[in-house]
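Structures follow.
Okay, so chain A shows up in both of these, paired with chain B first and chain C after.
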Partner chain A sequence: MDAILLAAQLVFQLDVLVTIVLAALFGLFVGSVPGLTATMATALLVPITFFMSPVAAIGAIVTCSAMAIFAGDIPGTLLRIPGTPASAAYTDEAYAMTRKGQGELALGANLLFSALGGLFGTAVLIVAAPSLAEVALQFSSFEYFWLACLGLTCATVVGSGSTIKGLVSLMIGLLVATIGLNNPAGVPRFTFGNVDLMGGIDFIAAMIGLFAVSEIFRYVLGMSADTSNVQAPAGNLFTGWGRLFKQYWRQSLRGNVLGTAIGALPGAGADIAAWVSYAVSKRFSKTPEKFGTGHVEGIIESTSSNNAALGGAWVPALVFGIPGDSITAIVIGVLYLKGMNPGPTIFINNPQDIYAVFLIFILANIFMVPAGWAAIKSARLLMRVPRNVLMPTILLFCIVGSFAINNSAFGISVMLAFGLLGFIMEENGFPIAPTILGIVLGPLLEENFVTSMIKSDGSFLGFFERPLAAGLGIITLAIWIVPLALYFWRRSRG
Partner chain B sequence: MRINDAILGAVLLAFSLAVGVYARTFPAIPGQEYGASVFPTWISIALGLCSVVLIAGGMRQWAETGAVSLAPWARSGHHLRTLAITIALVIFYILASTPLGFIPTAFIALVILFGVLGVKPLQIPVLAAGITMAVHYGFYSLLRVPLPWGVLTPWAW
Partner chain C sequence: MKRRTFVRTCALALTAVGGLLAMGQAPALAAYPERPITMIVPWGAGGGTDATARIVSSLLERTLGQPINVVNRTGGSGVVGHQAIASSAPDGYTLGLATVEIGMMHWQGLTQLTYADYTPLALMNEDPAGLQVAQDSPYNSAKDLLEAIRAKPGTMKASGTGQGGIWHLALAGMLQDADIAPQAVAWVPSQGAAPGLQDLVAGGVQIAPCSIPEARSLIDAGRVKSLAIMAEKRHPLFPNIPTLKEQTGIDWTMAAWRGVVAPKGLPDDIAQKLTSALKQVYDSAEFKDFMNQRGFGMVYASGEQFGTFMSESNDSLGKVMKAVGIARQ
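Up next is the complex of A and B:
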């Protein structure tokens, strides 16, 4: 109980609350401008969070990402251009509703069920994380090695697109993580005598490059959509909320459960949750023929799902330090910077920090309703922001943010290199998220592997000797082997 | 611009071989079997295997797609020039910000980029100056990032 009071004291401070409000506005803005994603919002926020107290920093990221995921629905509904990838699953459906003159209903449903989904994910986080942390206390390097493997495996297998390209992306990330002095042997690797490279590649600069700078390159090449002819919805957004909830609470609940579960899977985040939930909703609907014609049912289920996934993704991030998606990958980096090292011990040593995170999650999802309402009302204004002024400004932000990490121009070079890399990768169908997970999890994987090998005297059997490790190991190996086996089995049958 | 997977695979294969060979030069720790070279070597092997699969897949599609399928922007001189200028401006910032200082460098870069992207000429200097000073105030004054002053050092605040 003391810890909860302490947490409330940490959160209910003027500077923290002001930060949260500002981060919410920033998240709404970035989410509702097509081409600027929730991940990009988070990446741009990180250099600023350096200068905040830990709770304010985490609060800013939680609020900003939740708002951006919701706001992505606004241009999706009004213009058929998803504001963030997490909205892409139901953009066509929502736009069909706008054309039928039901834009208010679609946006109102998005707002209500986004907030409810976010609260559900938070509830699961509050219940599941501490009990999982007790299990995690018994983990040794063997279990952490397998967990990191499991996270990386999910990142490549679950993501959309080609698995082999996901693997290449992952290997690039792991390789980037080996650069520098920071390895168990303390040997400089791939530094070519360069002092800057000794410290390794800073993952925040890499992130800003991969997610923000690559997007700017796409913009200057004329690959962004035109958003100038938008009409803001005029009607009352809150009409019909009671009816919607009564009619569709089952879909909402199913979306919440599935979204939280997918979010908690390491490597799979809000966008995948939305796609899966939309498909599930159609599969179990009594009126599947209405899907695609502007039917609110699928929108409710998937918008519930993508916001619930955000809370779910924090479960493995806080308990094991294994990111659930690319946003929590950034969060883990920030937690380390702020001395709140994720892992089961934080639940025992600093429970007030954990409760503060929970409180912020609840606050952010409640604040989403008025802030989201304001964003929808000003949609016309938001989407008319001239992109040829906005994009250069974001580029300047990226440059200064990358500089601020170590106050050196080296960060800007890293940013530029990864911006080009991200652009080329996306152009050729390589997913970017596995690279980021590789950079974050690479050191953890190597350290736990080397420690484990020393403990077991160089015997691989050590990885299966403890029951927990054996269980995790078998799951991981099954994810690798079963699809391969199925593939060859199908081929052999012709 | 989509490059055929076989070409990308070949580049990645060469890269993974280079990484693998270079990793052999890392010093071993006496009495320790798993030193600094183990991880990079494994990664290079995995990357090499992936490249072989990519090459095989790309070869099968070669007849349909050819070596490179150009996106619309790749045929547009205007778009390519804009991309080149954007990249050049970041490099210009990296090189010039320390001697010249943040304010002049950012101002020049923004003016050029706004111009290329078609912002109205009269608005350009006003917007560039306003945004430069806003970013400077936010990061230098509020967040205390030591942005370089360069030639403006005598007037630094």
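Up next is the complex of A and C:
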């Protein structure tokens, strides 16, 4: 109990609170600019944290990353440009709501369920970190292979329309993922001797191209609907929330649980959590036909999930110093720098420090509500800007974002190429979401398959030898085979 | 009408961007440095190289009186970033943090770049390889482990970097010096030390020959034990871990290093100014604190010395890579 009081003293200091507020504003800004990610925001904070007290340093990172993940939803919803990759899964859905004039409702839902997701992830971190980290540490490449397979299954669910076209789109994504040198054997593939291509196709630049640039092409050709001046105000944000929560608390809870679990697994973070949750939401929905037409249900589940994943990622990071995602990879360095060495003893040696981190997690997610509310209200003004001014500005932001990822003009070329690809695909009825999923999961799938095969000396049985892997494998195969078997059984009978 | 405005706004925006880019390339005339400097890091944000680059930059900023922007140019196992450093203008406004991989990638045929494409400024850090196994591993010394590998080649697997990465070489070179075929332990490629170590704990692999600071949190957590350090001396922060030579008599050492370089052809006066500024950074209390906190090894060499160091590192890496069959023949 003393430790908690000490922790509160550490947190409720003027400098710490001011740092948190500034970090929140910084996170909101970075998150809402396409191309700048939560990871980048954290990396930019690191040199500043050298000069801060430990609690202020960690507080700045926690707050900034939580805000950035939420803020990524704002441009995604209003302009169809996901601000961070974690928003990509439901960008189309949220944008469809904006086209129907429900942009504010979508953003309000994003805000509420992001904050709740963040709080849930924190609660799990506080209560179950040591035991959950124990489980996460047992995952080897065999288990990750099956998880990646399960992830690919999402592709057939997330895209609306024809399953075949969804699969084609997924294959395009997987093909793109093979480009470069970052494969298990370290062999250059499809690089044509070009140094930039050796680095592979950057997923963020591709995402900006597929979503935003293709939309700009459509606008220039006079094919996109005008959304300015049709936004219905959501009314009182808070009364709307009561109704949403009553109707969708199950989805929110499921998103929270899944998000925290995926976040806790080293190597999978908020991005993948959002995809999986969106697919799960659609699969178990009573009204899956509404998905893709601007339906809030899937948005709620996946926006809960990506913020919950942030807290989850801290689980293995704090307990074993193994990063749960790219943000905690940076955090571990800062923890060492501040003398808060990660490890099971972090909970015993200086408990007030760790409780202070937990307190900041809670504060950050509560502060998200007013800060996010202000951001939404000001983002609304954006919709009043005439499209012929807005669209070139967006293009400019896209260019800046694609350049910023790796500080090279190559990112801009990737963005333009994928803009064209996205345009052609959508004009012909191919959904683009599975392509992005393919680019995200491709490396995970390949790497874990190859390393598993090396470990099992080329035997496929390795994928079923460990109990955890066998369980996951059977579930995956069942999900693939059962619908097919049912289909043939029905046909043979009827 | 609407569309014409779109085109015009685009044109205006492009002109503005072009103007900004042009301004960035104004020639250096007055005393160096008179404008911000860029520090290119060939590895991702958040890793050890990135953290080192950021602390060096923030201290160098103070010494030189100009802001330094750290830029991560990742991908292609370091090729992209190292290429970006080498192909910048040698005017002192683009520096880079080169890593041990510069002496490795060209042997694999991934690039033409070598250490000779840079002006060496200062070596800042060196981290020797360790020999880590899981806590519940039956082997308690490097000797036990080597004998076990010798007795049953092909049963153990190791991980910690990509195929042909620095820790892969550390292991292969050690085996070769112990008269064991380097292929006796299969290498499982990973995206760095953290996933490799996780696989070690999860039971996927039996050995992780990464540096000790990388394994530190798991050693502290009692999940991983370090059997040896592949260096001439014990690590001051981990004095309980014996060297490989102490235990087995094998005189094999391997370390990853990081140093500040500039593109080839940097004018001497600028190089001297930077070298002395980097020496100040290296000697500063802040840098020492940082390196000790992270457990990173401190080794310094400036200018010429650093050049010789890189050349020696390059030759010995090439020899091992050829011997273990990683180099392109």
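Please note the rule applied: the second predicted complex is superposed on the first by the 269 of 494 C-alpha atoms of A that agree within 3 Å, B and C clash if a C-alpha of one lies under 4 Å from a C-alpha of the other, contacts with A are read in each partner's own complex, and residues count from 1 in each chain.
Everything that follows uses one rule, which is that a contact is a pair of C-beta atoms (placed from the backbone, for glycine too) under 8 Å apart; a residue touches a chain by one contact, two chains touch by 3 or more.
The structure presented is a predicted model; accordingly, all values stated were derived computationally and were not measured.
A.B. asks: Does chain B (first) or chain C (second) touch A:L396, or do both, or does neither?
C.D. replies: both
A.B. asks: In the superposed arrangement, which partner chain does A:I330 touch: chain B (first), chain C (second), both, or neither?
C.D. replies: It touches chain C, and chain B stays clear.
A.B. asks: What is the contact status of A:P344 with respect to chain B (first) and chain C (second): first, second, both, or neither?
C.D. replies: Second partner only, chain C.
A.B. asks: Can A:M171 be said to touch chain B (first), chain C (second), both, or neither?
C.D. replies: After superposing on A, A:M171 lies in contact with chain B but is clear of chain C.
A.B. asks: In the overlaid three-chain picture, which partner chain does A:G458 touch, first (chain B) or second (chain C), both, or neither?
C.D. replies: In the superposition, A:G458 contacts chain B only.
A.B. asks: So, does A:L420 touch the first partner chain B, the second partner chain C, both, or neither?
C.D. replies: first
A.B. asks: Is A:I362 touching anything from chain B or chain C once the two structures are fitted on A? First, second, both or neither.
C.D. replies: neither
A.B. asks: So, A:N407: does it touch chain B (first), chain C (second), both, or neither?
C.D. replies: In the superposition, A:N407 contacts both chain B and chain C.
A.B. asks: I want to verify the contact counts: of chain B and chain C, which reaches more residues of chain A?
C.D. replies: Between chain B and chain C, the winner on chain A residue contacts is C.
A.B. asks: Does the superposition put A:E446 against chain B (first), chain C (second), both, or neither?
C.D. replies: first
A.B. asks: In the superposed arrangement, what residues of chain A touch both chain B and chain C?
C.D. replies: 50, 184-185, 220, 222, 388-389, 391-393, 395-396, 399, 407, 450, 454
A.B. asks: Flag every residue of chain A that touches chain C in the complex, lowest number first.
C.D. replies: Within the complex, chain A contacts chain C at residues 39-40, 42-43, 46-47, 50, 137-142, 180-182, 184-186, 188, 195-196, 198-200, 202, 219-220, 222, 266-267, 319-323, 326-327, 329-330, 332-333, 336-339, 341-345, 387-389, 391-393, 395-396, 399, 406-408, 447, 450-451, 454-455, 457, 466.
A.B. asks: Quick one: which bits of chain C touch chain A in the complex? Just the residue numbers, please.
C.D. replies: It is residues 2-3, 5-6, 9-10, 13, 17, 44-48, 50-51, 54-55, 57-58, 70-77, 79-80, 83-84, 108, 110-111, 157, 159, 162-165, 186-191, 194-195, 197-199, 201-205, 216-218, 220-223, 286, 290, 293-295 of chain C that touch chain A.
A.B. asks: Residue numbers of chain A touching chain B in their complex, please.
C.D. replies: For chain A paired with chain B, touching residues are 48, 50-51, 164-165, 167-168, 171-172, 174-175, 178, 183-185, 187, 189-190, 213, 216-217, 220-223, 386, 388-389, 391-393, 395-397, 399-400, 403-404, 407, 409, 412-413, 415-416, 420, 427-429, 446, 449-450, 453-454, 458.
A.B. asks: Show me the residue ranges of chain B that touch chain A in the complex, using the header's touch definition.
C.D. replies: For chain B paired with chain A, touching residues are 1-3, 5, 8, 12, 19, 22-23, 26-27, 29, 32-36, 38-40, 43-44, 46-47, 50-51, 53-54, 57, 71-73, 76, 79-80, 82-83, 86-87, 89-91, 93-94, 97-98, 102, 106, 109-110, 113-114, 116-119, 127, 131-132, 135, 139, 143-147.
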